[in-house]
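Mind having a look at this structure? Questions to follow.
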Amino acid sequence: MSQSDNRLTHVDERGEARMVDVGAKAETDRVARAEGLVLMKPETLALIVSGDAAKGDVLAAARIAGIMAAKRTSDLIPLCHPLMLTSVKVDLLPEPALPGVRVTATAKVSGKTGIEMEALTAVSVACLTVYDMAKAVDRGMSITGIRLLEKAGGKSGHWTAGQDE
Amino acid sequence: MSQSDNRLTHVDERGEARMVDVGAKAETDRVARAEGLVLMKPETLALIVSGDAAKGDVLAAARIAGIMAAKRTSDLIPLCHPLMLTSVKVDLLPEPALPGVRVTATAKVSGKTGIEMEALTAVSVACLTVYDMAKAVDRGMSITGIRLLEKAGGKSGHWTAGQDE
Amino acid sequence: MSQSDNRLTHVDERGEARMVDVGAKAETDRVARAEGLVLMKPETLALIVSGDAAKGDVLAAARIAGIMAAKRTSDLIPLCHPLMLTSVKVDLLPEPALPGVRVTATAKVSGKTGIEMEALTAVSVACLTVYDMAKAVDRGMSITGIRLLEKAGGKSGHWTAGQDE
Amino acid sequence: MSQSDNRLTHVDERGEARMVDVGAKAETDRVARAEGLVLMKPETLALIVSGDAAKGDVLAAARIAGIMAAKRTSDLIPLCHPLMLTSVKVDLLPEPALPGVRVTATAKVSGKTGIEMEALTAVSVACLTVYDMAKAVDRGMSITGIRLLEKAGGKSGHWTAGQDE
Amino acid sequence: MSQSDNRLTHVDERGEARMVDVGAKAETDRVARAEGLVLMKPETLALIVSGDAAKGDVLAAARIAGIMAAKRTSDLIPLCHPLMLTSVKVDLLPEPALPGVRVTATAKVSGKTGIEMEALTAVSVACLTVYDMAKAVDRGMSITGIRLLEKAGGKSGHWTAGQDE
Amino acid sequence: MSQSDNRLTHVDERGEARMVDVGAKAETDRVARAEGLVLMKPETLALIVSGDAAKGDVLAAARIAGIMAAKRTSDLIPLCHPLMLTSVKVDLLPEPALPGVRVTATAKVSGKTGIEMEALTAVSVACLTVYDMAKAVDRGMSITGIRLLEKAGGKSGHWTAGQDE
């Protein structure tokens, strides 16, 4: 376990879901970075990156969708606190070696609770948008490797993927 | 390519994003089934499944979140058509062999366009909810293998994962 | 029991929440009518109805809020199907005898599933809006008697409050 | 009147709806507690509490719905300010003596304006969800007694139901 | 008057807002086309169109925002019916002669009520997005000339801007 | 140019859309005031203002719609930051000289980023609501002159329409 807690914070002593009370936490600057991959056939990736305009628009649509989803995280994830994001950045990088698209998102906030979920939600919805726009030519695509890369700020401090595994 | 089209349907001749015009399509009964996995440490899975109530509430929260997300798919994915789902079912199965939770979603509609995205969105948000509820004890979890398992209905007919790969 | 079913339709054989599959149901014209009351001090009601403009705006705000909430019912109630309302009407009647405001809502749809929840949600949110607008002068108000008055259409046919109680 | 104001704060001098300007108010820790009841036939309550899983899922669905609704209060109630809830807790207690389910919600925030509406909205939507999940067997249920139990924080200070009535 | 009605359809005999009952209307194929302009300084337009990527992303963001807003029209406009859009297309054309950007939107549906509001909402939000992305360099921009260009389908038939003025 | 910047803040060095990072900005009291016009036939304006109740409800509906839209600005405009509005005020003034309705909105916040977009969105949606409610009698209405009148607070300080043009 990465923490001394050995119970789930979102479930109370009776086992019922609850939103954790963060009222007594200090406001600190927080950042979270997450990534995910959309794996596809090489021909599908070729279609996505072919033509400047087309490339711009598929990836731009996914980027916008990811940014907007980050802002709706607490609407989607039942026990997430509402947060006032100060920054969200979503990058989509076509990688022929996968073949597919690597999506990364970085979210920042000055608040009482972390923003891992905002970064992960941005990645997930950007991946789903890529899938949607290419699904007519490749229904076998998959979305994989969605994970937190790094977080900083808050009581639990700095965390980087791989350091405690 | 699984289809004869060699261009992206959501991008027009100028490479600009558009919602595909489905006005002339027939209404048919459609179904889509998707899955995804949340991989975690064995201790984390043990916490999720320990205690009847706790198990009920973590998985119940994720199930509800997935169902509600399916209904908001067209709000999240820019070029998805609004649809009137007739059914959504989300299942979460703890699998010690992963170790982790396998999420499957089945969505149905009688409409002019497919509901793959609704099933995939339900899976994604249910996975994110599991992550959220257990992240305080295991930040290294990952969400993986989100993919369509099967679809039926519509002009492109029946499709099963693996058949054209 | 008003029906022969002796299990909950929104819970499957394993006791898990699900959206009922209405795919095989016929589309019929459906209507539902619901009501609720906001009880308050006589002075509070007097403030609400004093002055034409004020009266107009408090009740108009609650009416609009109720209409808009009806359209978001499936977003709020986890297992409600999305519906394409063809009509919603919300009435607010100040009643000195309560003293308070009686809220009624009538919703209509041509669809595969009932719209009781839309009518009840419209009533609930209109009542909450009245509470919100008057709470600074009367925190002791209560919202009560929210119930279905009548429904028609669908397999279960016509139902009127009181007939089977 | 519980306050010296003898006009509605959400209506301006012309009688027009407005969002109260809270810019000059201090941020204080605020808490609000509300309750409501869903009254039903004894057989209906028996169905809801029969079987561990079923009980878990009906009440879990309503609890999640109430928590999520609290976060959307300012989206539903026209003149409510957006707030960053630090905590929401929704409890559902089956009470054979009613017979029915008692719903209570506690909401907390550190902010410039009260959170009574968030607690009341959580209660209302949790009650509506119970109604929805059991309506096929008992359309005559009613939702009643939705009221504020207690509030603390802010200029108007501590208030408990009954103290000024 | 373009129609024989001499009262507002969205206000009942008591002058109260209502959603028009469209239950008895036939489903027909409907289309609406609208436009609007964002006027700006020539330097601002030059920035928007300079560089392929930048141009792509500003206009792509506005196009996506307009498409997504069309789908949320009934959430924003109190008395609009929910609709299942079959197609939305948003075009943004930089016009040095204005100088500014001309936004047009075409929306289609097969339904019981018109989709003028969806086309107009898409145009409005696309214009607001252009304003947002360029406001740091030109706060004096204005959004103007938002109007319906054409509609077809439904009882009132075909209408083109200018024909009855 | 009203500022020394000669690039768009919402587009990064690669020309990709991003949400500006406002984490390091100070929280200041901010206010923005915007306006817009709905132009219509004189007979249409006469209908809107005829009858006290009708007048109240058409303008009240648009006022409520504008206030609610201001709270959803960051949901609609892709790169807008979420904000906790402390006040929104929307006024609708029938002006026979236009003929039409002049809509003004004033929004306030204590935050790290401006609220011009909230004021402009409130105006736009209030105008669209007037259009919606009167469109059956006058499809040729137009929405025009949507612009920022004034802003104060933040690093860029006080700005009034016309001062730098």
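Should a chain be cited, it is by its letter among A, B, C, D, E and F, assigned in written order, with residues numbered from 1 in that chain.
One rule holds in what follows: a contact is a pair of C-beta atoms (placed from the backbone, for glycine too) under 8 Å apart; a residue touches a chain by one contact, two chains touch by 3 or more.
For each chain, UniProt lists the protein as follows: A, B, C, D, E, F = Cyclic pyranopterin monophosphate synthase.
Computed from a predicted model, the values in this text were never measured in an experiment.
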item	value
Between chain A and chain D, the fewest steps along chains that touch one another	1
Contacts common to chain C and chain D (chain labels)	B, F
Taking each chain's C-alpha mean as its centre, the one farthest from chain F	B
Homomeric contact chain D-chain F: same or different residue positions, threshold half	different
Taking each chain's C-alpha mean as its centre, the one farthest from chain E	D
Distance from chain B to chain A - Cα centre to Cα centre, in angstrom	16
CA centroid of chain B to CA centroid of chain F, Å	37
Chain centre separation (chain A, chain E; CA means) in Å	32
Where chain C touches two or more other chains at once, by residue number	16-17, 52-53, 56-57, 60-61, 64-65, 68, 72, 78-79, 83-84
Those chain pairs that satisfy the touch definition	A-B, A-D, A-E, A-F, B-C, B-D, B-E, C-D, C-E, C-F, D-F, E-F
List of chain F residues in touch with chain D within their complex	29, 60, 63-64, 67-68, 71-72, 83-89, 91, 108-110
Interfacial residue positions of chain F with respect to chain C in the complex	52-53, 56-57, 60-61, 63-65, 68
Touch list for chain D against partner chain C, complex	1-3, 5-11, 14-17, 36, 41, 43, 47-48, 51-58, 60-61, 64-65, 68-69, 72, 76-80, 116-117, 120-121, 124-125, 127-129, 131-148, 151, 159, 161-162, 164-165
Interfacial residue positions of chain B with respect to chain E in the complex	12, 16-23, 74-75, 78-79, 81-84, 111-112
